[in-house]
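For clarity, chains are labelled A, B, C and D in written order, and residue numbers in each chain start from 1.
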């Protein structure tokens, strides 16, 4: 199982801040597409991804047990 | 009378922080030369001058009633 | 104290304790940046803000920025505290303190820190304007990435 | 408060009250510079310092720097406090606080302020080294004017 964390507007669009996704392994890109279909998330192109709190690329692999966070453009400071 | 204020090493060289100089009017340059002779101040070339708390040039005139300050290179901050 | 140089808090931020964290006998210069909630942005009035963070990763990214700075400006020391939750006008959102033997590095490193925070630290701001609310950073308001897309080389270590 | 934006004090400086002086609802950024007494300078050990000021003129010059900054960076606000007398290692000698709607101006104006203080404000530092004492600024230690001579255009208003 992959734990997916949502923040900011993604959290509001999905109506939840966490999704448990049942897969052994999947690329970030595939995971994004899949979540867009299942939860109607409008736009994930500008959204960065972190795997286990480290930034990752679209081609990187996510494995069961990982925590993936979708990170919209940040605006702290 | 012209009031002359001394600071930092000038104050220590002269052994005082204030000199009352009895003249009606004099240029800054003349005043510097005169004080060098009278008080053995070693070096006034790198010293700026202020008349009544405003920076002045060597050619500026000092009049009786003015306060002149000799300002060695500053080192605040 | 090293483990508390980088913090995310929900309470009002006091500046002086953060300065204390970077004080050292060999440092003659300390710069601080204090980011506060501004009432007006391009003619729009803010009523209050909400900040949200991915806390463990945000603290990791603060530490990463601290490491980057130590590499670029040897002998500097950095502390960063960011507040999350609801913030009212003039409340402090972030404090960055940098100490250094000499002042030039303290200014440069401090400015570098706030720029990097705005690039890589997972913290989001929701503006509650007089006429509505938006998560800043989305395409409606402001995309902080210059070319409209996050650039992987900015964020990977 | 305008008349106390620029101060020379003999007691330890608290940073927070100086920050408060420049806080404004329209300012989203406050930078501070804190100059402290450094123990080591180029391999020489300082035991303590003495600062002396021509107080009324120093305050006038702080105000002049504030005016220069308001002209160069509109909408900024500056407060400066300098301590004089005996200062020990790590004691705060000077605090400069600048507020601005945007951060770039707050950094630039703050750095400008410390550079100008070192050019035009009549304050002198006497170093008590481990092996003697000197008024800094004299030809034996350090001449703060780049060409070895004060430049009148830097100081005249």
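Operating definition for what follows: contacts are C-beta pairs under 8 Å (C-beta built on N, C-alpha and C of every residue); 3 or more make two chains touch, one makes a residue touch a chain.
What you see is a predicted model, and the numbers here were worked out from it, not measured in a lab.
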item	value
Given chain B and chain D, the chains that contact each of them	none
Assembly fragments, chain C aside and the remaining chains unmoved: A | B, D
item	value
Centre distance in Å when chain A and chain B are each reduced to the mean of their C-alpha atoms	72
Chain A and chain D: spacing of chain centres that average the CA atoms, whole Å	49
Rounded Å distance between chain C and chain D, as computed from the means of their C-alpha atoms	25
Numbers and ranges of chain D residues touching at least 2 other chains	35, 114
Chain A: positions in contact with at least two other chains	none
Every chain pair in contact, whichever chains are involved	A-C, B-D, C-D
Of all residues in chain C, those that touch chain A in their complex	35, 51-54, 56-58, 60, 82, 93-94, 114, 117-126, 135-139, 142-145, 148-150, 152, 155-157
Residues of chain A defined as touching chain C within the complex	5, 7-9, 11-12, 43, 45-46, 48, 50, 53-55, 57, 69, 71-77
In the complex with chain C, residue positions of chain D that touch it	14-16, 19, 23-40, 89-90, 101, 103, 106-107, 110-111, 114
